[in-house]
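See the structures that follow.
Each of the next two complexes has chain A plus one more chain, namely chain B in the first and chain C in the second.
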Partner chain A sequence: MHAFPLQSDWAFVLGSLDLLFEGLVVTVALTAASIALGFLLGFPAGAVEVYGRGPLARVVETAGVVLRGTPLLVIIIILFFVVSVSSSAFVTAAVALGLRSGAYQSQIFRGALQSVDEGQLEAARSIGMGRLQAIRHVVVPQALRRSVPGFQNEFTIVLKDTSIAIVIGLGELLTVGQNLYQGGQSTAALEIFLTVSLIYFVLTFTTNRTLDYVDDYFTIPGGEQA
Partner chain B sequence: MSDPLLRLDDVYKSYGDERVLSGVSFEMDTGDVDVVIGPSGSGKSTMLRCVNRLTEIDSGAIYLDGECVTDADTDVNELRKQVGMVFQDFNLFAHLTALGNVTLGLRKVRGMEKSAAREKGYEHLEQVGLLDQADSYPAELSGGQKQRVGIAQALAMDPELLLFDEPTSALDPELVGEVVDVMRDLAAEGITMLVVSHEMGFARSAASDIVFLDGGEIVEHGPPEQLFENPRADRTREFLGRLRTEHEEG
Partner chain C sequence: MRMSENRTSRREYLTAVGGTAVTLSIAGCMGGGGGGSDENEIVAGTAPGFPPFEMKQEGELVGFDIDLLEAVVDETEYTLTGWKEFEFKSLIPALTNDNIDVVAAGMTINDERDQTIDFTDPYYSSNQAIVVRADGDFSPGSLSDLSGHAVGAQKGTTGESVVQEQLIDGGSLSADNYNSYGNYVLAVEDLQNGNIDAVVIDQPVAETFAAQRPVAIAFTYETGENFGFGVREDDDEFTEALNSGLAAVQDGSTYQDLTNKWFGQQ
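Let's look at the complex of A and B:
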């Protein structure tokens, strides 16, 4: 029994910060790639769910339901070991997280698009705008503003869920942390997890604050009642 | 040249089982200001919305400048460039300033350069007395100001015909005057207007013709002095009587 085991464990964590930093870089890159892919899929999907008809709308809706109803762990394992979309663990993780995020983001944008008053579209059409033009210039700018709070939530979820890439051996933050104590070099499991958690917290906190500023910046003066 | 600017020919429209327009025929010429009156639910707004095809008719036909605009192959966007609309609930674009509201159509529909669109936008804001509010967003404006921006927005497209769908019904009573004044100015300038409204003052002084619509039919159609002073139909008399009583009580 050590008298003060914590001291040496914290020293070990401090000595491993460079490795944790490498994991952090992977985590940030994976989050950015997944959110971006999710936006590219989710925004059009949300629009199709609101404005689309026919088979395309049904395909998009079904894909969303399946993706939202499947555990992320299952998605990532299938993509890596069964379908093998890429030999790169990073790419596979980004695709898995991006698909899942796209399914969630589609609902954020669906809600935001639907929340814009029908009269806005009607007014745009009545000055001779085509349907797509009216959606693009009148509905979307308002809907994007309203989607920021939902987007903040989604960002936080994706950031922390990047840790699931541990199951395919991607060296992101949590994987790096786990490797540090699993090699038997240290007993600092708790300290490492606390440090990793703190890093996740700082990341989510700062991005959420940044998105708060984005929200304020784009807020329409006087509110939104037209 | 002999074609009327707008002609409705035996127009029918139902929502489900409920018939809203029942064989409406009507015409007006360029420069006319026609005011449609009638009890609520009589089909006034529907009649207006059929003209720019926000609502599709079931049968009959509508002609603008002698051309049928209710054919399946009519380009509705082209039609709507010719026919402006002012809404009861304003429907200003919430994310754009007053100037942005007036210029959006100029830029995206008319394809005007930004600077030219701004210049024209300022012109029309001045026309409705709102040059000083050009940079205000809709939520920063009063109801009357919003509606004047709505009018400027429609005017900016240089339509052949302007439709007004109860433009003062959503306004506080003290704000009605400023909107009616603008409409009066437009009428005096010779802008062709088809107006659904209960503003009898405006109807009396600015209208070339009054159309009384009841139960989806045009009951009576004539100049204001005739329709208000010597209505031919009992239904018109009844309606006007009711309106006067309400007015006096109010």
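Let's look at the complex of A and C:
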């Protein structure tokens, strides 16, 4: 508009970095909250699916099927406009992403738990450990290590899906970027998309590398490889 | 032989889905309404990305709708406590769910929306402009000239309805030749890149683009469409207040000042 003389598109992006940073903070906070909630729900759910019996196992399994089978957009809209879990868009988005992530993570952990040879559980029981003890001290430590690769995927998915939160009015990195070219300098659309993509890439790359490092650090020397 | 334990039968699935729906609807009843505690405090909702009506500049929400609604509310006994930003398609759910009390987002008054929400008196009339490349050979003079050319519009807008109802439904444009975009900017970008030959947009928006980019308005199509502020159906008192506020703003010099500020010489 008139108040903003056209500057070069890259200069416009540079001048808007502070706004993009504010969006980035929302993206990172929302990802962290959702992954954490997803872990708190998904790990026990995965364990219940492997070892659980009776109604609890059925409830967990069905909840997982329903959540995995429902588009994230529908989950977030129901939680905000129909159920109104919270008047805060951030809390609602974190709950929606967290529930969905919990359903995904439960399958990561289910696979990891099932990958540990059953003979180990039998061996642990034979030296006098209880069932719960054996699961906790023998199976879980190995399973957690094997869940790292799947977890890397899950992190990447949640990070990028945070951008859906604008349907309930929570603007994060991508929304800030879109507002920049829609209202500020419309010719800078490509430059803004490239910059936003670069930020997503840096986030994904560093987190995946950190998880690789965690994976290496906790590797059992000479242990059975997954 | 027995069935695999991990399979959820159809019956179990339906029971669970039904159960979830019941839980959700009960929770919905307990959720209660949002909004301010003071009855005269209102929150407005908009969808930035529709210059010059509403957009973000340097992180600030600005535009014709923003200034106009604030001026209108100033004429009433209500207080506008703030703005919430949504995607355009979320505005009506946000309004009916009490997240916001009024929509100011260049929203065209039409029968479909009127079934769910109410509108104030119209505050702006906008026709559709057909935008083409300024240096191109293609200069249509009427909608029928668009036949056989790739045409674009923003999803969910009146421009899209014009293409759909006047061209595609009438058989003069094949549906393959219509491209729907998430935002006008992307449609105009594609026009400049030569992927489409024309874009159908609201006239004031088209004039903004024509001033900034190598595109031109080929002709305008009169739809006689009116923009109104969206309000809840049961909020009659508030609607009345906005209507008299709007009348006061239009009678004074404020309305003219705002159109001059945001649309230039009109």
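Note that the second predicted complex is superposed on the first by the 213 of 226 C-alpha atoms of A that agree within 3 Å, B and C clash if a C-alpha of one lies under 4 Å from a C-alpha of the other, contacts with A are read in each partner's own complex, and residues count from 1 in each chain.
Everything that follows uses one rule, which is that contacts are C-beta pairs under 8 Å (C-beta built on N, C-alpha and C of every residue); 3 or more make two chains touch, one makes a residue touch a chain.
Treat the numbers as computed from the prediction; the structure is a model and nothing was measured.
Of the two partner chains placed around the shared chain by superposition, chain B is the only one that A:V138 touches, whereas chain C remains out of contact. By the touch criterion defined above, A:I127 reaches chain B but does not reach chain C. Looking at the shared chain after the overlay, A:G222 reaches chain B, while chain C stays out of its contact range.
Within the superposed three-chain model, A:L203 lies out of touch with both chain B and chain C [touch as defined at top]. Of the two partner chains placed by superposition, A:L173 touches none, neither chain B nor chain C.
Of the residues of chain A, not a single one touches chain B in one of the two structures and chain C in the other.
Chain B meets chain A in the complex at residues 52, 54, 76-78, 80-81, 84-85, 87, 89-95, 104-105, 108-109, 136-140, 146, 153-154, 157. Interface of chain C with chain A (complex): residues 6, 8, 12-13, 16-17, 20, 24, 27-28, 31-32, 34, 45, 48-52, 55-59, 62-63, 84-87, 89-90, 93-94, 97, 99, 183-186, 188-189, 208-209, 212-213.
Residues 117, 119-120, 122-130, 133, 137-138, 141-142, 145, 220-226 of chain A touch chain B in their complex.
Per the touch definition, chain A reaches chain C in the complex via residues 1, 3-4, 6, 16, 19, 22, 58, 61-63, 65-66, 77-78, 80-85, 87, 166-169, 171, 178-184, 186-187, 189.
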